[in-house]
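Before we start, here is the structure in question, set down as structure tokens.
The letters A, B and C name the chains in turn, as written, and every chain counts its residues from 1.
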Amino acid sequence: MQNRMELSFSAISSNESFARVTVAAFIAQVDPTMEELTEMKTVVSEAVTNSIIHGYQSQSDGKVYISASIEGECLELVIRDEGIGISDLEEARQPLFTSKPELERSGMGFTIMENFCDDVRVVSEPMLGTTIYLKKQLSTKKAIYN
Amino acid sequence: MQNRMELSFSAISSNESFARVTVAAFIAQVDPTMEELTEMKTVVSEAVTNSIIHGYQSQSDGKVYISASIEGECLELVIRDEGIGISDLEEARQPLFTSKPELERSGMGFTIMENFCDDVRVVSEPMLGTTIYLKKQLSTKKAIYN
Amino acid sequence: IGEIQRFLRDDGTVKVSRSIKELGNRIRKMKDELTKTLGRTPTVNEMAKQLEVSPEEIVFAGEASRPLTSIHETVYE
């Protein structure tokens, strides 16, 4: 059976931790390891931070949208904004690339997502927004003990 | 400034605790007391459980909708389902009234909500669903130290 | 300040931030302990059982113990 949730919230940075906890609480239902939980929280942080500071340029009147579904041990996450979008996706996904060096961004957001997920797809349209599709196979109890 | 979130999820009982944490994580941003947080978690539990077991009769293919907003110290929660609705609202809100005595329900859900919130409004339409509007004044940091 | 804190505790009005911090510390210690005894990272439920709290509290309190900036630092260094 599939379990689904959809969430949207104001694009302000204090909601980053809220988004992390929400996704983690949803995933916790299938009893992942603490490590997987931390990884998924990190991934959510990176994507949500990107939406807030890049997508909405910290303007705060936008919204960030997250949907999550779990079927068996397969987690799918979609994180979306209606911000400025990304014109050169290939460049954006390069490790260390950042368009905001002045904010001391590491340019590692996409690299972190790719590292912690099995599949990362990005769809973006300048002026319309950015959508990140993430997939992750979790090792729930069954998988660990068998 | 107002902070808002909207959440929807599958009407299955394992999502009750998910809904509780999500609302708690949202409220935690204004650093309320543990007591207030516990009260609000209880209120969310009661309303969500009602939607799942009464509204959707534990059929599990429906969705529960929660929206929350915080402005200053004022929390507004709306919890909604598209289930069977309530035909006699006055009777339903009576302490100890339950339509499911066979499930050992206490009949105290609405009473608990009224006790822990400053304002509880219920709008319900048979066959269309039930919406609960809740308001609560939180004592955030400022309020306690001043 | 100590007096105010004591007052808050006695009054049952402990702030969420403080309570999360305390549980967050216990979570970190327990995670290290269990990782040693199990030879792998514990699951959320295993942690909850050991600490006698609900899985949701593990998720919630686990939050405060890791500031976001540390992630960038770990990856970078």
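In this section, a contact is a pair of C-beta atoms (placed from the backbone, for glycine too) under 8 Å apart; a residue touches a chain by one contact, two chains touch by 3 or more.
Here's who's who by UniProt: A, B = Anti-sigma F factor.
Bear in mind the structure is a predicted one, so any value in this text is a computation, not a measurement.
J.: Are the chains arranged, by touching, as a line, ring, star, complete graph, or other?
T.: Contact map by chain: complete.
J.: Taking each chain's centre as the mean of its Cα atoms, which chain lies farthest from chain C?
T.: The chain lying farthest from chain C is B.
J.: Roughly how many whole angstrom separate the Cα centroids of chain A and chain B?
T.: 28
J.: Starting from the mean Cα coordinates of chain A and chain C, work out the distance between those two points in Å.
T.: 23
J.: Quick check: what residues of chain B touch more than one other chain, meaning two or more?
T.: Within chain B, residues 17-18, 21, 25, 28 contact more than one other chain.
J.: What parts of chain C, by residue number, touch at least two of the other chains?
T.: As it turns out, chain C has residues touching two or more other chains at 55-56, 59-60, 63.
J.: Would you tell me which residues of chain B are touching chain C in their complex?
T.: Per the touch definition, chain B meets chain C at residues 17-18, 20-21, 24-25, 28, 31-35, 37, 139, 141, 144-145.
J.: Using the touch definition up top, name the residues of chain C that touch chain B in the complex.
T.: Going through chain C, the ones touching chain B are 4, 8, 12-17, 19-20, 54-56, 59-60, 63.
J.: Can you list the chain C residues touching chain A in their complex?
T.: Per the touch definition, chain C meets chain A at residues 31, 40-45, 47, 55-56, 58-60, 62-63, 66, 68, 71-72, 75-76.
J.: For the complex, which residues does chain A have touching chain B?
T.: 1-10, 12, 14-15, 17-18, 21-22, 25-26, 28-29, 60
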